[in-house]
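There are two complexes below, and they share chain A, which is joined by chain B in the first and by chain C in the second.
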Partner chain A sequence: MQQSPARSEARYSVGIGVADSLLALFRPRTKGKAWIPELRLRGRPAAAAFATKMIVCVAVVGHQNNPLYLQSFTEADDALKLHHIIHCSLDVIDERINNPKKSGPTLNEAFLGLLYPTENYKVYGYLTNTKVKFIMVTTDLDVKDADVRTFFRRFHAAYVDAVSNPFHVPGKKITSKAFAQRVSSIVKSFGSAATT
Partner chain B sequence: MIGAGKIKQYANVLDKPLSRGRQEVSLSAFAFLFSELVQYNQTRVDNIAELERRLEDAGYAVGARVLELLCHREKGNRRETRLLGILSFVHSTVWKVLFGKVADSLEKGTEHEDEYMISEKELLVNRFISIPKDMGTFNCGAFVAGIVKGVLDGAGFPAVVTAHFVPVEGQHRPRTTILIKFAEEVLQREARLG
Partner chain C sequence: MAPLAPRTGDAVFANVERVNAELFTLTYGAIVRQLLTDLEEVEEVNKQLDQMGYNIGVRLIDEFLAKSNVSRCIDFRETADVIAKVGFKMFLGVTASVTNWDPEGTSCSLVLEDNPLVDFVELPDTCQGLYYCNILSGVIRGALEMVSMKTEVTWVRDMLHGDDACELRVKLLKQVPEEYPYKDDD
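Entry: the complex of A and B
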């Protein structure tokens, strides 16, 4: 889209002179750049209309209940409300750790399942061996268990890779951009039939 | 994973197995890197205790990451809450991933309730190292002790871990023992769980 106005202007200015045609090539660039925000605005509503299976927020919480990574995926302004929901779900996780419900093969399993449903969100939890918790908030109301497990498995892989970074200080927030990108791609492919 | 022996060389590239297999690092590469680590720390400390502490800190970071990695890779993994569970995890799984074989033995200390020992005929990290006489009881196995400490701390079992030489009659080189002394709260929790 940037190139075509430049080319059409250049064709007009052929008769004027070489320097003028060069100037004509440079001028429309600014016009082209001004078009881009329009495209962005047009693009966004189309994506938001897809909101059937959407994860709105993921979080990684350390073993002392300190937040290590917090990312919300809606442009809406209730990000604070999502943080509050995640904070409340930490209590539920603590309860589950200290009073194991069942004994036998399901004891001490990593995937904690549905923590608690609120008005239009569902909150899922996952616990690793180092008491690091992954929490996921989704707006989907009939999400499949297998999908959530796959999501957490991929998320765990991304988390292990982020922690293996020698420059990562355990206990501090995860600041790796690669981790953020991987998490966004995992979130985008949630719900669709995809590879492991 | 450090190769315990020689890496198998395939004469024909078509004979190589298709699967990626377990990754192995050459022993000589690791030995050079480890000797450089020890030398680097040696020039920056004043006494032996400080050198041991620095090696242990280096191992601690490795241990924390190894725990995260193994928990993710092991299929059917359960979170260990019992003392014997986490000790056997360190003794077999962690040793197998790091050194290619399980540790030689795991023993419970006789004098104190909270002491356990993992012993090895010769630690892989010490294979190309001989300690000069004036360094006394220093053991480069402090690095492995740090790894064990990192794994135990990450799993929720705080402990003090040290490495010692134990002379064995009939053998020229002494055996190495990793001594694990668990904190009070671990024993109390263990007693409560029954």
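Entry: the complex of A and C
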């Protein structure tokens, strides 16, 4: 911007006009994070600027409803709320176990499907043959069934490897770091075919 | 000699009876867990694993020599090659590589990139001093003793302690010539 002052002044006034309209689209984030330009996401609310397919929490619950593994993936401090949601979903699973739906194929009884949608979360469940339950909470608005099934299959494989550790005591919490890493990578790649 | 051994290892492996690797891994894990529960001291468990390996090795060497038909080794280098290529392949299904020879040729490193014993295993914080695969060092020591070589086997790298491979240091202490219990003359 090393032109003559008059020209740069005019440019400056034009610049303000453009900047105003741009600023109208920028929205400041809470917690002092950088502004995320929403030029491409016109009309969408701020929350959707996050990855839309996001798993916020996964849990492994033993057959006596004892928690074996709990991991949340958001920085928000409503981790307790997520744990509470998972706890409530255990009731739904118990209902489904006791009153099995006779309709539909009983081949893949492992995948329980959508347990119940709350506010802006969806909770999915998966039951292994040893009555160990996997629960997944996601903020996704339109999640594909196939994606969830794939997720649970990979999660099940990671769980089996963690349990095969001779130093793991069945019934106690899973303390394996390798398991935590694998779960993180599975969560990151969830629905990766359609992430923004 | 060396070029023949890798093929021999695979050929022998194809002919011996095999067992499911996961069964083997889980059984070994159960043994180690039980030893830890019984002995409680990590050092004791290490010693016990070594002793168990020694007992296995003195019996294993006969089977190995019978099944693999290797000829008599000329020197320790050839011995190490045979152990790494034929022995490990035959019994564990993986080949090791021999590296880091010292100038006298009496000490070398056997490196295992892939060790079926440690699949799925993660050492807890209370057992960080445990040499989980110590049975292997006992096996090598016992087997070589039966062919008149006194050796000392130590661990250099261990996958469970964060390294990328398992490395055993095998040192030949002395070669004990065969002793006959009776004299040849009169």
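Keep in mind that, in the parts below, the second predicted complex is superposed on the first by the 137 of 196 C-alpha atoms of A that agree within 3 Å, B and C clash if a C-alpha of one lies under 4 Å from a C-alpha of the other, contacts with A are read in each partner's own complex, and residues count from 1 in each chain.
To be clear about the criterion, a contact is a pair of C-beta atoms (placed from the backbone, for glycine too) under 8 Å apart; a residue touches a chain by one contact, two chains touch by 3 or more.
It should be emphasised that the depicted structure is a prediction, and the values quoted were computed from it without experimental measurement.
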Chain B versus chain C as contact partner of A:S185, first or second or both or neither: neither
Which superposed partner A:L127 touches (first chain B, second chain C, both, neither): first
Touched partner set for A:T175, first chain B, second chain C, both or neither: second
Touching partner for A:S164 - first (chain B), second (chain C), both, neither: both
Touching partner for A:H156 - first (chain B), second (chain C), both, neither: first
Which superposed partner A:E109 touches (first chain B, second chain C, both, neither): first
Chain B or chain C, by number of chain A residues touched: B
Chain A residues contacted in one complex by chain B, in the other by chain C: 164, 166
Residues on chain A engaged by chain C in the complex (per definition of touch): 161-162, 164-167, 175-178
Of chain C, residues touching chain A in the complex: 22, 25-26, 29-30, 32-33, 119-124, 127
For the chain A and chain B complex, residues of the former touching the latter: 63, 107-110, 127-131, 156-157, 159-160, 163-164, 166, 170
Chain A contact footprint on chain B (complex, rising order): 61, 64-65, 67-69, 71-72, 77-81, 154-156
